[in-house]
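Some structures to go through are shown next.
Shared between the two complexes below is chain A, which has chain B as its partner in the first and chain C in the second.
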Partner chain A sequence: MHEPRDGRHAITETLPETPQEVTEKVLHNHLATGPLFRVAAVFCGVLLLLGVVGFILRVAGGFDDRTKWGYYGAIFFYILTTAQAAPIVSVAMRMAKNHWRRPLARAAELYAIVGVLNLLIFIPLLFVLPSAAGRRSLWLDGAARMNAGGSGWPPLAPHLWIALMLAGLVFLGLALLYTAALPDLATVRDHSTSKRHSMLRRLTLGWRGTPFQWRAHRAALGVLGGLYFMFYISTHSFIAIDYGVALVPGWKDSIFPAFQVLSSLQSALAITLVTMFFLRQTGGYKEFFYVDPFWALSKILLATTILWFYFWWASFFTFWYGRTQAEQNVLQLLMFGPYRPLFILAFLFSFLLPFLLLIWNAVRKSILGPTVAAALVLAGNFFDRLRVYVASFSVEDIRAHQLESVPAAHLPDGADILIILGALGGLVLFYLVGTRLVPVLSMWELKEYLTLRRIRPFLKTHVRVMAKPE
Partner chain B sequence: MQERRPLSDVQINKALLRNVLAAPLWFWGLVLLLALVVAAGAGAAGWMFNRGTGVLGVNRPAMWGFLIVNFVFWIGISHAGVMLSAILRLAYAEWRRPMVRAAEVLTVFSLMTAMLMPFIHSGRPWRLAYWAFPYDFARGIFPNIRSALIWDPSAVFTYLISSSLFILVTLLPDIAVIRDRTTGIRHKIYSAMALGWRGTPRQWRLQGIAGILLSAIILPIFVSVHSIVSWDFGMAVSVEGWHATIFAPYFVIGAVLSGVSAVVTLMALMRWLFKWEDHIREEHFDAMGRLLVVIATAWFYFFAMEFMFGLFTLEPQEVALRQLQVFEWPWSALFIIFILTAYFIPVPLWLFRSVRRNVAAMFWISIMVNIGMWLERFIIIVPGLLRKQPFTFVWGSYRPSPIEIIIVAATFCLVALGILLFSKVFPLVPLAEAKEGQILADQIKVGKKTIPAVMREE
Partner chain C sequence: MARREVLGLFRDAETAAGATTVLHEAGVRQDDIEVLTGAPYPEGAFGEHIKRHRIYLFPMIGAICGFTVAILLTAGTQLAYPVVTGGKPILSVPPMVIITYEGTLLGAILFTVLGVVFESRLPRGKIGLYDPRITEGFIGLVVSCAADQWLAVEQALRRAGAFEVKHEQA
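Take a look at the complex of A and B:
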């Protein structure tokens, strides 16, 4: 089953043959908890506790010195643009009706659970963000009242509104996960007993898989997917402006919000690929994560990697060519000054190395190749978030007309390191807990695929024939 | 696709080669009509060369007007070819088949037309030689290669060459079919162009590889072309509203929106004029409509970012420009028409399946989008120049002259004429693609239902 079938050399698919087999294999893995899982959960739990210690130390220092919160802000943005962005992979591929998405859809949307952790991490950042009054802000009234010292518009902007946007994104992610998992939760319900059964009976809202329920399910997924997509784009754009561009005088960079969205899309693909690799190697799902999903996802990863360079170049080139003092100082701050090592690392890991790997089809059409490229991208995004947000948070006079002097590099202290480790540990821990609550494979989508797919002889080979009911 | 009517190879050849082998009378009437308008445009340009650029509406401070706007517009339309052909080919999108050739041809003719604009605008097109040779041989003074205006022709001509090559490679099997159905001098010409195509497995394999390779190579060129066009504006620090980092992708996505809309216009015309209902079906318009919703929304996002960042710093000059664009007559009216026709009318309409599957509706909506996208370029270019200096000594506005209007109108006829003449020589729907689509079509029985299916070999 794990190897391509004889005489079907063109087809690399290794999925189980029947829907029943899918249910049996997924449930077998879902209901059992192995020792490796426990070790990983305990390890991540310890890291999370260390992070809490680091957080307490950071809060004890107060919120006035924004520079000290730079690494905290960066790790928030890292999670926002990696784990919390992952559901978009599932949403987008479901909208595009790609069949290869079916094994990976749930693995991606399960990261919605990590959004809860990131929402908690975000709360202190509200106290770090200065009022919009008297400074440049996308919430226009703040800047307009520079001399009057008034507040932003709409009321309590930007704090209330970006918090609501982020909360909305988290809520929609969870709603999407729940809706998408509903048929699978019903399957688990029907195969479990006692406590789990009664809990799932309430959660599944009487799901029986009637035609009406399936129609409603499909419509709900469409609506939630559309809403999630809109919240995803707008939240990333606004929050990136408020915590990045708006804090650096003279940084008038209209492509930056789009760059942030693109970086998050690239990292969302990367974290999905890495997750698929771990589920394949250690989760017992080897036959579900065959080469096709890796191959398909790596093509999109390559496209986003090239776009990363394009967006960066469009920004850099306009500033570099413009030659105004304000633009040169921004380039110094973000790329060529105190944070140059971070910029070089970000450039290497987010663009150059994954690009050089992924341009080869042999690398893309493998399990390990896309995984390595994805791991590089995740590292690159980490360096890039540090570069942008530690630098932005380190600017003191945010009300100046342009950046007068480039602040020195702000290095992490012990609390910063604990916070970073804790946040990463928490990310993995939340995901691990999620895999115990919801099956990590979308059983109903896989079964639908098996229903719509046939393998037929064609000339001297065998081909896959896909039904198109819509 | 699901609504395909089974057609034999003979039926496909007969339908798609009808115009190539024996064009109807209306065809020549249309060619004549378009040629007359093109001749009028050529006459207007000739008049301008004779009398000087004073007959144009451009004057200080707005020295770029209709002709440069039209240049950007046609460069934008040219992005349809690669977008549809290369990306959909790489993505194995089944519904691409009937429109790829028309899209590629549209690319080539709109690029050629676009390049005419700056040459006419210069007023002295014979000085074209200075793009390649020194201004002054004795002192070796070359054009300033640090100027985006010099990068532009390099990018556009590279795109033109690669697009032409792309068309030629994909045309080979079809040329061979025509070769085998013609006699005399036509047979000889088609034989030479077919490069000995016999349809052997090796030739098909090589043709497939060449198509994929060219698709991958053209994609960066396609992005670079409109990026560089955007930098004609974006590199200028002194003009308010132009020096924006988002300009390159904003222009590219805008180009894709107008280009794909133009392909929809072309698809509808091909369906009506050549009676290709079996090949260009409602489901193809449906797929294009869905694609356009995504592209238009992405474009709107970039537009919103560009506009918001214009106001972000609240610098008086930038605010004055936005005020001119949005609130001052006649720009305010043009702005409203632009934003309505480019996004707020078409996208809500495209959300309805019944609209997407209505050929006439799609035709008119696609034209509406391109009216909006033409105005978009106009609103970016001219008001920016009108407010380019803090102490502008001439506060005149821009009003296009009849010469400019005639030239711009003629460019639309020139592109239409080019495509029409192409359709007399080569099929606008690829025969090979249509036949492959028939071979890959299948059916699957699920329960009591028989569902249309598609074969995928990869």
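Take a look at the complex of A and C:
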């Protein structure tokens, strides 16, 4: 920490002083695997195996009864809207060119690896989703063409197109991660030996760090980031419509897709905060994750938490004010009926409790405060995904004009619990494996920061002075 | 004439930036100097002239290709199954929007990835004259010179404060 001569702490930054120190410290942690890491990896591996057992049990029951796949669908959406959404934090902060993002950028974009797991989880859901024929869906004209003896339109809609979207998002996330990590992989290449060195030599394609390469690298990150943003919003919206709104007759809600995108932004921030906390406490990166990134992210988390309420309210109020039987049934199904406990928990954990915590600057400007609020948000999102997708999967007659009756609550069985545990274990395991492949801190961004930043005396204190080359 | 490369390693950026001036005075052209760094520096920090890249062209071309394929696919399937629905025209734009959007973005993504590789002049089979300490924070200046001038370049680099000088074996 840079302490001014009079002892007042004007600068809370605790980053290493030189690029050499950054390289040394990050590589030391990256190349070493501690006992805690192994224990966590084995534990998560066991959970993943349990999940596979649960999955086999679920598949043995067939794909015809959609209700049974409700919890499976919910956990897919939970991962989609938390871990798989996390790279958007890195993309957005890099676009905004803020400096406090530098320690957390890689921690967030590394979650792109979890997208591979979620893509695998998604495959069975393609068999669960009914054809677009004869029902209200995003895919226009399907019914008419099916009735006319055609194969539906667009061909293989919605299955092929949402699978392509999700695969595109996963590919884009990995491309973004690889591009962002390329200079750091070159650093690991230069400081490793034998097998790892020869593998990285191929993977880094001969990166040397010429000004031309850096320029192309920066432009590529900008373009890929912009594309990721566009793909992220559309994929979340379309999949939420196909597996949520379109499965509930009478749920005519244009706000829900936006709500899903917003809640995924909120959860992406939350999982990034929690990851930062763990990297700080157990990963050996204490000096990199000082209070500034926590403080800065907590402000955006507070904003998204308030927006969560606004989006929920806008959606709820439209149905509540409409007051028709169909609208009341939709509200009963999603909020006040069989899944009321889940709704209350989601409301408390996604909005009320984090809001009450984060309105205090003393809480925001700390390490623990934002982390606790973020953990609450992650729990809230879990309950919210269960509330929405278990409920929407439980509707039997999806081709009805409106929801005539509210189905009873579908409780999880043993297979569901195993699947949920397995998916969560898999999420953490994939991330842990990712940290072994790619440094969890963006060394080149930190080093760039150190070249641009100077600590200078200002009256009786010291301040940071930043060069702004662009 | 045969060319040879000489690498000067500098402990800090200031000395490396000053070294380019010394090299110019020694008769080395700017285009013959390549700066190697472990982190991006502001453009022109070492007095280097950076060639324009065309990376933004790649997503544009990809997007146009993706858009075209998506239009052909959606229009083609609508024409292949010419079912009149509610008196609406066979070729209707709204149902084509999602596929077109998706196709455009997928095309842009694929071409961007290709563009990154192409515009970064990667992959390089041989990494060339290089030092692992560059990724630790050292600055490398690679000077390409006539084979009979490498000694003069090496001396100029040392005079400019190079911590170490390497050169290609003749």
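Please note the rule applied: the second predicted complex is superposed on the first by the 452 of 470 C-alpha atoms of A that agree within 3 Å, B and C clash if a C-alpha of one lies under 4 Å from a C-alpha of the other, contacts with A are read in each partner's own complex, and residues count from 1 in each chain.
FYI, contacts are C-beta pairs under 8 Å (C-beta built on N, C-alpha and C of every residue); 3 or more make two chains touch, one makes a residue touch a chain.
Keep in mind that this is a model prediction, so the values were computed, not measured.
With both structures placed on the common chain, the touch criterion links A:213 to chain C but leaves chain B unconnected. Residue contacts after overlaying the shared chain place A:467 against chain B and chain C alike.
Shared-chain residue A:186: touches chain C; no touch with chain B.
After overlaying the two complexes on the shared chain, residue contacts for A:164 are found with chain C alone; chain B is out of touch. Of the two partner chains placed by superposition, chain B and chain C are both touched by A:138. Residue by residue along chain A, chain B and chain C are tallied for touches, and C comes out ahead.
By the touch criterion defined above, A:172 lies against chain C but remains apart from chain B after alignment on the C-alpha atoms of chain A.
Of the two partner chains placed around the shared chain by superposition, chain B and chain C are both touched by A:451. In the superposition on chain A, the residues of chain A touched by chain B in one structure and by chain C in the other are 138, 140, 144, 451-452, 467, 469. Chain B contributes residues 1-2, 220, 223, 227, 231, 234-235, 237, 243-249, 301-302, 305-306, 308-314, 442, 444, 446, 451-458 to its touches with chain A in the complex. Looking at the complex, you find that chain A touches chain C at residues 18-20, 22-24, 138-141, 144-145, 148, 150-151, 153-155, 161, 164-165, 168, 171-172, 175, 179, 183, 186-187, 190-191, 201, 205-220, 223-224, 227, 230-231, 234, 238, 443-445, 447-448, 450-452, 467, 469-470. Per the touch definition, chain C reaches chain A in the complex via residues 13, 34-43, 46, 48, 50-51, 53, 55-56, 58-59, 73-74, 77-78, 81, 83, 85, 92, 94-95, 98-99, 101-102, 105-106, 108-109, 112-113, 115-117, 119-128, 130, 132-137.
Chain A meets chain B in the complex at residues 10, 136, 138, 140, 143-144, 233, 237, 245, 252-258, 306, 310-311, 314-315, 317-319, 321-324, 451-452, 454, 456, 458, 461, 463-469.
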